[in-house]
Structures are given as C-alpha cells and as structure tokens.
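Some structures to go through are shown next.
Next come two complexes built around chain A: one with chain B, the other with chain C.
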Partner chain A sequence: MLQAGVLKIAGIIVLFAIALALPAIAPDPATTNIAVFTMMYVGLATAWNIMGGYTGYISLGHAGFFGFGSYTLGLLLAHLGVAAGYTPFLLVPVAGLATAVLALGIGWFALRTRAATFVIVTIAFMFMLQLLAENLVGLTGGGGGLGFPVPPWSGDYFNTPYYYAMLALATLALGISWRIRRSKFGLGLLAIRDDEDKALAVGVPTRAFKLTAFVVSAALVGMIGAVYGYYVTYIYPQFVVDPLIGISMVLMVFLGGLGTLSGPVLGALILEPAQLWLAYNYGASRLYLVLYAAVFLAVILVLPRGIVPSLTVLIERRRMRTPPAAPAPQQAVMP
Partner chain B sequence: MTLVLEAAVLGVLTGGVYALMASGLTLIFGVMRIINVGHGALVVLGAYLSFAASRSLGMDPFVTLVITMPVMFVLGLVLQSVFIRPLKTDREALSVLVTYALALGIEGLLGYFFTANYVQLKAWYDTASFPIGDFRVTYVYVFGFLLCLAILGVMFLVLYHTTFGASIRATMLNRTAAQLIGIDVDRVSAVAFGIGMATAAAGGVVFGITTAFNPGSHYDLISRLLTIIVLGGLGSLRGAIVAALIMLVSEDITAVVISPVWASFVFFVILVLVLLFRPQGLYGVRVRERI
Partner chain C sequence: MSLLEIDNLSKRFGGVVAVDECSIAVPAGSITGLIGPNGSGKTTVFNMVTGFIPKDTGTVSFKSKPIDGLGPDRIYQLGIGRTFQLARIFPRLTALENMLVPVRRKGLRALFSRADWSDERVRAMEMLEFLDIAQVANTVGGALSYGQRKLLELGAVLMAEPELVLLDEPAGGVNPALLEKIGEHIRRLNSRGITFLVVEHNMSFVMNLCTEVVVLHRGRAIASGKPDSVRQEPAVLDAYLGA
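Right after this comes the complex of A and B.
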C-alpha cells in the first residue's frame, strides 16, 4: 500500500514538473495556445467538480460566473487605468472575490431547489447575467463588448504568462478540491450527494455546506474567467457567458469521473485538445458542432460513469480474481 | 392604457404558443423525469423543416405541419430509443447532457444546411392585421393561438379520455407502479417524446412566422421554456399553460411600459419570486427528489 502511495506522489511530481516546464519544452505559440486553454479547462472542470461532483448538484450555469469574473477584471482595469503587463494578474483574486459575493446571492436562491429544478435555475441565472451584460450598456459596453489592455509581449512569449496564471489557478483548484475531499466538510458534501435528507438528519448542516461548495466553486471559475478575458483581450456578453463553456466543463468531469479528484483533470486533458482540434479543422463549417455533439454523446452513452471510476472497478475486479500469493502453496499439500 | 391593453392581448396570444411548446417539455419531464434541454432546438428544427417545405413545395407554413408533425413525431421515437432509453444510472443528470448534445448536433446540422443567416417563414397573414377597438392585431398571432389551442385540446383529450392517455398519466404519477401493473413505460416514454417533438414542430411554425430565427435561436427559447415549466411546476400541464400566459403577458407589458430590452428580464424576476415563495412552482407537488 505504501509503495502505491509513493508511486502516486512521484507520478504527481513528474506530471507537475512537465506542466511547469511545458513552455520551455514546446515554445511554439500554436502549442502554448492549446496549453493555455487546456490548463484553463483543467481548472474549470476541477472547480465545477467541487460543487457538481461532491454534492451532486448539477450546475449548468457556471459560464455565468466565468463571464462575470471576466467582466469584473475588465472593468477594474478600465476604471483603475491599469496598464497592460503583469499587474492585471494581481487583480484576478479581486474578480474571484466579486464572483464569490455574486455566487453567495445566486446560491442562496438557487439552493432552495433540488435536482432538476436546480439545474434549470442555474441555466436561468446564467442567461440573466448574459442579459444584464447586454443591457447595462453604460457599465459593460453592452453588445459592443469590452476591451482589455493588450500587453506589449512578443508573439513567442505572449502565451507564457497566461499559461502560468492558468496553471496556478488549476493547481489552486486541485489543492482546494483535495483538501475538501479529505475533510469533514467534504464528507458532509458526499453525504448530501448520497442522501440529503439523511445527511440533514444526522446533523450535517446541509444548507451551509452546499452554499459554501457553490461559492468556492464559482469563485475559482470567476478567477479563471478573469485570466481568460485578459488573454483574449476583447469580450462581449455571448462570448464569455457562453453556454458551451459551461457545458464543456461538465462534460469533462463526466468523462473523467464525477466526484473524483483526478477525473476532471483527465477529462480536460483529453477533451480540450480534441475540441480545439475539431474547431481548428472543422471550425469554418458548422460541422464542428455536430462532431462535438457526437463525441459528447459517445462519452455519455459508452462511459456513463467516467474513466476513473470505470478503471477503478476494473482494477478491483482484477485484484479479486487473482488470488493473493499466500494461500497458493496449499495446493502442494494435495496429493 | 391602450398600449398596455394591446400588449396584454398580444401576450395572451403568444402565451398560447409558448403554452404549447412548454407543455411538450413538461410532458416529457413528467413521463420520463428528464429535462429536455434540447427542446428549444427541436422548436427551431420544426421551424426550419416548415421553412424548407414551404419554400420547396410552395406550401402555406401552417399546412406544412401535415408533413412536419408526423416527421418530428417519428424522429422523437427514434431519438428517445437511441439516446435516452440506454441511460440507466444517474438518468436525470445524464439526460440533461444528452439532450444538450442533441441540441448542439441539431444546431450544427441546421447551420450546415441552412447557414447561420436569419430566416423567417412567409405567409400573407404574417404582417396583415385587423382592428380590435383602438388597436390592430396581426392575423398570425390569432391563427397561431387558435392552432395551439386546438393542439392542446387534442392533447388533453388523448391524455384524459383514452386508455393510452391513462397509461401516460399513470407513468407520470409513478413510473415503478405503472410498470408493475403492466404498462410498457418504455413505449409510453417514446410516444411522450414523440408528442413533445410534434408539439415543438407546431410551436416552431408560429415562432418562425413571428420571429426571424437562425440555428442558434434555441438558447433564447430554451431559457424561456425552462423558466415557464419551473414556474408552472415541473411535470404539470396545467401549470405550464398558466405559467406561459403569466410570463408572456408580463413580458409584453414590460416591453411597452419599461423597455423592450428589459422584457426578457421579467422572466428571471418572476423566477426569483417563485423560488422565494413557492419553490415547487404554481401547480407542483413538493417532492423529495434526488439526482
């Protein structure tokens, strides 16, 4: 068992080292561009999983928080007159904080409902945020969009700071997710997923726990949205409050394994490059959406439980089938 | 005042159309316990089918329903048995994803065949109007309202006065019990999905005559339809109809009293109020549901 643990830690260190060194290994801008988006989705899927995976409350509206974080940073930069460069990254936590406050409000309403109604309510709130971004022209620029200051970095280097910002946020999300999974709070969340009424009956403060998970998950998504806005330098309502971004993170979690720690990472590492490849090769025609939908359906219908849980079951079964080493010599006694 | 009255009349007329679309959605939820996030895309698909039929065959948009409704019904049977029936575990969550994927696929296919340009169904009554008191009402709204009323009437007749309708209602009440007394719930589910799609086709025609649409129009539609069925109470047909009327009348009145850009916002305001005072919706039963 100990050996497996050491192996696991070594594996994580190697993976993290590769992630850290990636811009040096593959400095080509086309590759680092893919790396930025992939790392972004590693963070998004992990953050979404904290709510959706642990508590079982499926939010399809996280794109709303993503866009809100984006807009918050953009407006902060514009009103404070912050110059392009590294300083905007320091304001990302402010966007996260603002998103947390918003999520507290939305969660307070949305979490009065359960299951199917909750799903619908999150979708509705997402469209409400999109409409607000569209209609509050004086604040957000409405459909005309909002520009970010563009950093003066060269084309070869441009993606690198964003990559590390996304990596930092993904690591933060993973750290929080891991910490929660091993805490009493995390146990409470899993209890809510399994049976909310029983959890409440045994004294889990379900409402406070759900709301906390929702806020943490949304704040992380908001911060990632903020970096994204700065990266793409120009945003408009339908572009950042994009239902497709919201559903992509959910799909990645389902592909990797709902409620697992490594599942969302795996899902993002597989799906986002695939998605970008599809967009690059078929993006011009609308066939891109059809292919994406086909991948989507295949994932759900073939692997409804996700890769990590399916693999775990497979390994467990293998272990059960191979008899342990000790009892084997008994056969020798037989004549 | 006349403006407000006019808006209210228009709200009732368009409310009838939304009532039809939303009742298909709530019927699907009631029978199968799935949220069909693709319902908006199905309405848009219906509108495009009618568009293609009326353009190539020179038919009146309403007459194309003779073709599109059966086509959509059969397509519904197929989609349900291929994509939704295989879901065994975690149905409620997975079905959201599957129907979302269907919506994306339909959007992509429509974009491929019809491009992303906006189109609108044409008919002699799309802008022609007649006077009522101080204002004029466009014919299409009245025709659309009557059509939807007729289809809703047929739906209620089937549901409440046929044996098959009884088995649909039984499945809505208690799926397991319905199965136990020998109802083929898979068949009922497929037919319910087919009915939902056929009503989406009918709603799509009226939507397509009154609004310019493109393959991406389904997002706006689905957010409205979902809000309506939450207000009405998930799975309640009566609720969907009442909620559609409330929503559309308030929306149209807001458009004239405040501003058209804030009209859709009313949906969300009403939704928040519902969540505050009656999370189960107008006609919903407070069930202990679990994902």
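Right after this comes the complex of A and C.
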C-alpha cells in the first residue's frame, strides 16, 4: 500500500519534471506549439471536470467562460495600455476573477435546472455570449475581432512563456481538483452526482456546493482563455466562444474518466496531440471532427466509464483473481 | 412534551387534497407510528415536514420553533433525519463514504479539509458494526443487497446525531429476519434518546414497535394514542375495513 503510494508520488514528480523540461528537450516551435495547446486542454478538461465530473452537471457552455476570459484580458490590455511582454500574464487572475463573477450570476439561474435542461441552458448562455461579442462592436470589435499586443520575442522562444503559463494554470487546476476530491466538500459534490435529493436529505447544501464548483471551474477556464487570447494575439467571437472548444474538453474528460483526477489529463494528452497531428498532416480541414465523433462513439460503446475507471476495475479484478502467495494448499488438488 | 408539532397542515395537488388540515404531535422520546391506507397522505406529510415539498397551509414546529419554509438540508441540520420509502444511498460511493457524507462540520476550513477525519471514520465504522454491515465498508453502495442498503441508509442518517428520525416504510421489501433486526436497532437507538416517527404498512411491526400511533385517513389524522387503544377505534376500523 505504502509502496504504491510512493510509486505514485514518484511518477507524478517525473511527469512534472518532464513537463517542466519540455521546451528545453524539444525546442522546435512546431512541437512547443502542440505542447501549448495540449497543456491548455489539460487545464480545461481538469477545470471542467470539477463541475461536470464531480457533480454530474454536464455543462456544454464552458466555451463561453473561455471566450469571456479571453475578451476580458484583451480589453484590459487595450484600456490599460499594457505593453506586450510578461506583464499581461500578471493580469490573467483578473480575467479569472471577472469570469468567476459572471459564472456566479449565470450559475445562480442555470443551477435551478437539472439534467438535460441544465445542458441546454449552458448551451444557450454560450451562444448569448457569442452574440454579445459579435454585436457589441464598440466594446469587442464585433466580427472584426479584438487584437492583443504582440510580444517582441523571437520565433524560437515565442511559445515558451505561453507554455509555462498554461502549465502553471493546468497545475493550479489539478491542485484544486485534487484538494476538492479529497475534501468533505468534494464528497458532497460526488453525493450530488449520485442522488441530489438524497444529498439534500442528509444535509448537503447542494445549491451552494454546485454553485461553488461551477464558479471555481469557470474561473479556471476563464484564466486559460485569457492566456489563449494573448497567445493567438487576435480573437474572433466565433473562434473563441466556439462550441467545439466546449465539446472538446467534455470529450477529453469522458475519454479519460469522468469524475477522476487523472482521467481528464489522460484524455487531453491523447486527443489534443491527435487533433493537431491531423491538422498538420491534412491541412486546415476539419478532419479532427471525424476523429472526435469516432472517439465519442467508441467511448460510449466500449468505455462508457472512460479509460481510468475501466483500467482500475480491470486491475482490481486481476488482483482478486490472483491467489494469495502465502499459505500453501493443505490438500492435494489432483483429481 | 412534543418534539415535533404538526398543526393544521394541508396540501393539494391540483384537485386532489393529499393532506387536509392534519395535526400530529410526536412526543419526545417516543416511537410514533404513522399509519393509514394507501393514499392517505403519510409520505406527503413526511415530505412537508422535511422540506421536500412546500405546504399550502398550517405550521410545522420542531422543539417549539417553526421550521416552515426551510430547505431539507437546513431541516436536517436542525436535527431531523429521514429515510425514503425505497432505500436511497449513494451507489458510486463506498458504504464508508456514504456514512461520511451526512456528518455535520462547522466552518469553511473544515469543509475543505480531508473527507475522512480519523474520529469521523472511527464513528462511522462503529455505526456500521452496530448495524452488522462493517464487512462491506469499502464496497460501493450499488453492489450492496437491498437489506444492506436499508441498514446503510439508517446508519448514515444517524451519523449526524439527529434528535428525530423519520422512517418511511422501514419494513418495505425486507425479509422477516432483517425486519426483526431493524426493529431491534430502532428500539436500542430509541433507548439512547432518539425519537422516531415511522410510516409503515406492516401492522404487527407497528403495533409491536411503536409507543404511540397516529392514523391518517384521506389526509386527516382520525385517531391517535397507544397502539392497543387505537386498534379498537371504530373510525380506524372503518378506514381500514371500509365498514
């Protein structure tokens, strides 16, 4: 038991060390570009899982928070006249805070609904934000987009600060998710997922718990959206408040394992590089959508619980089948 | 002295009057049975007392303080626990985790600290042992038998040390041996000071277990008192036998 725990911690340290050293190991901009987006989705999937995985409330509108965080940072930089460089990264938490306030308002209403109604409400909210971004031309630039200041970094180095920013946010999301999963609050969220009325009957303040998870999840997604905006340097409503971003994070969580800590990370590490590989090899076609559809079907048919829970069950079964090594049989088992 | 006072409580669902100016008093330290034919409003009364459905009129007081309008979680925190007609547990949590969910903690810091504080864990294991289901502590709820779920549900409710427990058909779907065990557990818990309000159709179970009985018919309390005297009431015989 203790040995398994030590191995687990050692594995996490090794993985984190590799993640830290990645820009030095593979400095090629094409690789670091993939690394930025992969780390972005590790953070997004982990953040989404805090709400969708732990409480079972499937939000398909998290792309709205992603876009809102992105626009918030873009507008802050424009109005405060912040120069490009490292300073904009310091304003990322402000974008997270603004997204949290928005999520508090939206969650207050959306969380009065459950199940399919909640899913639809979140989609509606996302499209409302997209429409606002398109139509509030004076504020957001409308369909013409919103520009961010472009840092004066060389092409070889350009991706590196964004990679570390995404890594920091993914680590933050994982840390929060881990802390919640082990806490009394997390146990309450899992109880809500299993049977919300029963949770209420045993004193779980379900509304406050769901709202807290929703706001934390949205704030993290908003911060990641802010770094994304600064990375791509120009954002448009249809690309930053994009349903595909929302669906991607959901699919990654389902693939890796809903409600688990490592599942969303695994899902993102598999799907995002695969998507980028398809994009690099087959041009800007949307072939990856076919991949997503195939993965979605495969998950539903073969791995409805996702990779991590299915593997855990498999290992448990094998362990139970393996006979204990110690006592020798007292009787011959020959026929 | 009454621990729970229900006064003139009414509830309509469209044209159906489910509970009609119903008044019930649950004495502290009692095991009160709430009986009545199907559709007499017993579960609706439970749901209104525990805040699951809003009342139309009337008042509900616990320890002489009104609890109307409070949500189920707040009512639970005041000291009223309940079980459901069909045993409801958290199927993807282990039996031990099921026991830890209802534990009350104070303060935000406590909420974000570990789910299984050692003293809570010890208490949960003691309760599982008391109910004879400690062997399934690490089994997920969904893999338990119906009888084990019934016991787990009761145990989980008791983790918050409620003063009053509302049991909705504890004998439903339970074999005679387990039924006897459940009855014994209720008596032992009652002797420790927990008051029970029990909805049940199994008359011999109610008559043997309860110290007080209230009979509901068409949403109204038509009789109340000691089991033996209630059994003889003409109104009760009418309600049950349709005479």
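Keep this in mind: the second predicted complex is superposed on the first by the 317 of 335 C-alpha atoms of A that agree within 3 Å, B and C clash if a C-alpha of one lies under 4 Å from a C-alpha of the other, contacts with A are read in each partner's own complex, and residues count from 1 in each chain.
To be clear about the criterion, contacts are C-beta pairs under 8 Å (C-beta built on N, C-alpha and C of every residue); 3 or more make two chains touch, one makes a residue touch a chain.
Quick caveat: nothing in here was measured; it's all calculated off a predicted structure.
With chain A as the common reference, the superposed partners chain B and chain C fit together side by side.
In the superposed model, A:R305 lies in contact with chain B only, and not with chain C.
With both structures placed on the common chain, the touch criterion links A:R112 to chain B but leaves chain C unconnected.
Of the two partner chains placed around the shared chain by superposition, chain B and chain C are both touched by A:D197.
Of the two partner chains, chain B is the only one touched by A:L251; chain C is not.
Look at A:K8: by the touch rule set out above, it reaches neither chain B nor chain C. Once the two structures are overlaid on chain A, chain A sits at the apex of an angle of 80° toward chain B and chain C, using CA centres and rounding to a multiple of 10. Of the two partner chains placed by the overlay, only chain B lies in contact with A:I123; chain C stays clear of it. Contacts of A:L60 after superposition: chain B is touched, whereas chain C is not reached. Once both complexes are placed on a shared chain A, the shortest Cα to Cα gap between chain B and chain C comes to 11 Å. Once both structures are placed on chain A, chain A residues 195, 197 are touched by chain B and, in the other complex, by chain C.
The residues of chain A lying in touch with chain B in their complex are 56-58, 60, 109-110, 112-117, 119-121, 123-125, 127-128, 131-132, 134-135, 195-197, 243-244, 247, 250-251, 254, 285-294, 296-297, 300-301, 304-305.
The touching residues of chain B, counted against chain A in their complex, run 29, 33, 35, 37, 83, 86-90, 92-94, 96-98, 100-102, 104-105, 107-112, 116, 215, 219-220, 222-223, 226-227, 229-230, 234, 261-262, 264-265, 267-268, 271-272, 275-276, 279-281, 288-291. Only residues 50, 52, 71-73, 76-77, 81-82, 84, 88-93, 97, 100-105, 110-115, 141, 156-157, 160 of chain C touch chain A when the two sit together in their complex.
Within the complex formed with chain C, the residues of chain A that make contact are 179-180, 182-188, 190-191, 193-195, 197-206.
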